[in-house]
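Here come two complexes built around chain A, the first alongside chain B, the second alongside chain C.
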Partner chain A sequence: MDFGPHLLLATLEGAVTAAILALTAMGLSIVFGVMRVVNVAHGEFYMLGAVIAWFIATSLGAHPAIGFVAALLLAPLAVGAIAAVSDRLILSRIDYDPERTIVATIGLLYIIQQATLMTFGPDARPVEPPFNHRIALPWVEWGDGGLALYWPWGLSITSYKLFIIGAAAVVLTGIWLVMTRTRFGLIMRATQQDREMAMVFGVPVDRTFAYVFGLGAGLAAIGAVLVVPVQQAHYLMGHDPLLLSFIVVIIGGLGSLPGTVIAAILIGMTDGIISVFFSPTLAKIIATLAVAMVLVFRPQGLMGKASR
Partner chain B sequence: MLEVDNIHAAYGRAKALHGVSLTAERGEILCILGRNGAGKTTTMKAIMGLLPLSEGRITLDGANIGSRPAHERAAQRIAYVPQGRRLFPELSVEENIEMGLIAGAAGPKVKAHVLEMFPRLAERLHQQASTLSGGEQQMLATARALCIQPQVLLLDEPTEGLQPSMIDLIRQVTLRMKEEGLAVILVEQRVDAVLSIADKVVFLENGRNLETMSADQLRADPAKLHSYLGV
Partner chain C sequence: MTDRAKSYTLHVGIVVLLAVLFFVLPAYHVGNLARIMVLAVYAIGYNLLFGYTGLLSLGHALFFAAGMYGFGMSIHLWGTPTALALVLGGLSGLVVAGIVGFLALRTRDVAFMIVTLMFAQAGYLTILYFGPTTRGDEGFVVSDAGRTLFGLDLSDEATRYWAALVLLATALLGTAALVKSRLGRALIAVRENEERAQMLGYDTTRLKYIAVVLSGTLSAVAGAAYAILFGYVGGTFATVQYSIFPLLWVLLGGAGTTIGPLIGVIFMFYLIDISSGFTDAYMFIAGVALLILCLFAPQGIAGEIRRRGLKWLP
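Presenting the complex of A and B:
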């Protein structure tokens, strides 16, 4: 393949990575922004989403599309509920103390991971995509008769991957609408800005935190359900999304939602493109380097505020 | 109606209140006076439920609310205008006001009523709160609290850093709230501004009650101000 078509392919793969990453990182960012909780177990909620999606799809045994839709609706709810319960049982008991929260969520990470290993087992398991057409993509060529379209061999994407990008855009738009147009969104933004004053104006902060923690985990789970038809569910699959989400949230600016989306697109696309042309390892090295640069030159992140 | 009985409270291990008592009645302005660091703000926070009590009681119409969380006290219609305003800085004027509507079942009517009192806010509904002038911020903090339709209104240094015209407006609003039958608890540094509108005065020092008297008594004996406040 020539460079041009190859780049288009890499860009599309990058967009898929970016879409999943934006969802996952958005969950981490909301939890950090509103609750000031650094959730080290975030990747495990992602993993749980994938595993539960596999469980739902296989135990239904119906047409792949039905299994997938059921998983897309139920898995994030289940993961959100598990997260909300963990918030009540663990995080609220230690008063969201920053250091203890980090240690507690590390503990939660291993509990979820090992519990999954014991029940689900060590194998990677696939979920069938609801649909999966191969769509050949055209490229332009400068030929005898001027510009002409042609279909290079190997330049294609599946309809399901395009669906991932679209679905992520829809969910992110939904989150934005919830944040800016609903009462729950108003409560979340107010709590983020001044927790004590939110309480003074009638916000039950403990219940709100349980919902927010559930929402954050649910977003990671949506990302995972979307990815599992192209990547398989595995009990260790939470590591990379955790690392990349942290990278995105730091680059975007802690707690800034637009910053999170922008950084997810940046990191996802770079990751996709560099993985295609060079190697996934180099992509991770560059992403980590980007974080270091941001921390040195713009510690508040791309869209973050200088200080609170 | 609101009774604070010998409360003790601390910030972590640093004790700040060692026995504060006061009673606020409907249609009255109770003024808390005291030097810097006397515990005035801490008393307000304790009434609002932002600081746990280690001793003492707070009752509202006879019901003990001293261990209820802050958000439940908001639902009991205790409203707080904190020192330094503490608006939600990145929310718009309108959103700040809507936060005042979270606690109660109060609807758009209350919002309209409150905005009528502060027409300058009505003109700036979509402006971000942090971009308002000091006086406008104080109006917004007051408007937000009034949206709770409070029966008890806590005002902590509402005229701090304001121009005379704005101070006058805040005073008028305070008087109007008293006339509407609210129990107003007011903390002020500017004794001159307070003396003319207060019904009762509580002096605090080092987190303790020094003396409670009617405003008439204090007006008759201004030497007290000198000895308690050094003014």
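Presenting the complex of A and C:
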């Protein structure tokens, strides 16, 4: 393949990564923004989403599309409920102290991971995509007879991958509408700005926290359900999304939801594009150092406000 | 007894106790303790930055690995004499910490966490990238000549134990003296309230830099010691896992206490060792234990002891 089509392919693959990453990181970003805690177990909620999706899809045993839709609706709810319960049982009792929350969520990480290993097993298992057509993409080239369209071999994407990008966009728009247009969004923003003042105005802060923690985990689960048809469910799959989401949230600027989306697109796309052209390890080294340098010279992130 | 005398007695007492344990414990636990003591030095190094200066780093595996590889590679590639290789291990930690500290200290709080994490990740990937030389994840075994220091064969069980004890004693007594010194108190002032320390005329940036370099170098020394005592150098020690471990050890044992890191390592080590004896799901038990400690001993084990009576615990 020539450079052009190759780049297009890399961009498309990058866009899929970016879409999933945006969803997962958005969950982490909302939790961080509103509750001011670092949730180390976020990647495990992502993994749980994928694993529960597999359980739902296989136990239904119907047409893949039915199983998938059921998983897309139920898995995030289940994961959100688990997260909300763990918030009530654990995080609320340690007063959301930043350092203790890190230890507690590491504990949660071990528990969820091990519980999954004991029930789901160490194998990677796929969920069948609801639809999966290969779409060949054309490329324009200046040939003998002027501009001509042709279909380079290997330049294609599946309809399901396009669906991932679309679905992520829909969910993110939904989140934005919830944050800006609904009462729950107002309550979340009030809690984010000033927890005590919100409490004075009658905002049930502790209940809000449980919902927010559930919402964050649920978003990670949606990302995971969308990704299982292309990448199998495995009990250790939460590791990379956790690290990447962290980076995205910080690079985007703490508490800035648009920043999170922009950073997710930026990092997801670059990850996709560089890894096509360079050796993956070297690409990762460069990307990692670049991220570190962005923070070193702009500690508040891309869209964050500088601290006084 | 004054507080200073009490603290001195405590630390010397711990060293003596560890020396006595060598003669009392069965061989299996003696082997475990040697490993625990080296890891405790790593935890002590981490505690210097996290517990006393209040900077949460998620990238200490980089320093640990810098020491390990600085030592291991110089022996592996050039057959450097062991003593010199050890110095090189410590030095590479010093240099790496110097660079990372210079850059990462421009950030604070969560951004500092992420920047250190990123640098450590880049370090780990670099080890993988130069796989043909470093042997990447697989790692390599340190040659017998490399494990002989001043005529002592450090692969021998007993020699190894005493070497680890000497190292731990130095680190333990060293930090105990450090935290009572002017520098140590200034570091604690930075942790408690950086603005106030600044207003009192302390150059807090410089203090934090010193803390990063000290902590990184001590972690590197622990890494080099691990390589020489256990004869193995591998990429696993540079992973995020090994950055999270010292944080856990220190938080469990008691951040900002001199004996906390040692207690934390012993606790985690035996928690996993014992629970893996009767179930495969030992990580599950470790997770539950973390939650319980977090709920009921928020200051860690040593912190809880300090809160409940021994107020003088340094």
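Keep in mind that, in the parts below, the second predicted complex is superposed on the first by the 302 of 308 C-alpha atoms of A that agree within 3 Å, B and C clash if a C-alpha of one lies under 4 Å from a C-alpha of the other, contacts with A are read in each partner's own complex, and residues count from 1 in each chain.
One rule holds for everything that comes next: contacts are C-beta pairs under 8 Å (C-beta built on N, C-alpha and C of every residue); 3 or more make two chains touch, one makes a residue touch a chain.
Computed from a predicted structure; not experimentally measured.
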{"item": "Partner chain in contact with A:3 - chain B first, chain C second, else both or neither", "value": "neither"}
{"item": "Which superposed partner A:203 touches (first chain B, second chain C, both, neither)", "value": "first"}
{"item": "Partner chain(s) touched by A:115 [first = chain B, second = chain C, both, neither]", "value": "second"}
{"item": "First, second, both or neither for A:104, with chain B first and chain C second", "value": "second"}
{"item": "Between chain B and chain C, more extensive residue contact with chain A", "value": "C"}
{"item": "First (chain B), second (chain C), both or neither touched by A:246", "value": "second"}
{"item": "First, second, both or neither for A:194, with chain B first and chain C second", "value": "first"}
{"item": "Common ground on chain A, meaning residues reached by chain C in one complex and by chain B in the other", "value": "none"}
{"item": "Residues of chain A defined as touching chain B within the complex", "value": "183, 186-187, 189-190, 193-194, 196-205"}
{"item": "Residues of chain A touching chain C in the complex", "value": "32, 38, 90, 93-94, 97, 99-100, 102-104, 106-111, 113-115, 117-118, 243, 246-247, 250, 254, 279, 281-282, 284-285, 288-289, 291-293, 295-297, 299-301"}
{"item": "Chain B to chain A touching residues, read off their complex", "value": "48-50, 69-71, 74-75, 80, 82, 86, 88-91, 95, 98-100, 102-104, 144, 148"}
{"item": "For the chain C and chain A complex, residues of the former touching the latter", "value": "56, 103-104, 106-108, 110-111, 113-115, 117-119, 121-122, 125-126, 128-129, 240, 244, 247-248, 251-252, 255, 281, 283-284, 286-291, 293-295, 298"}
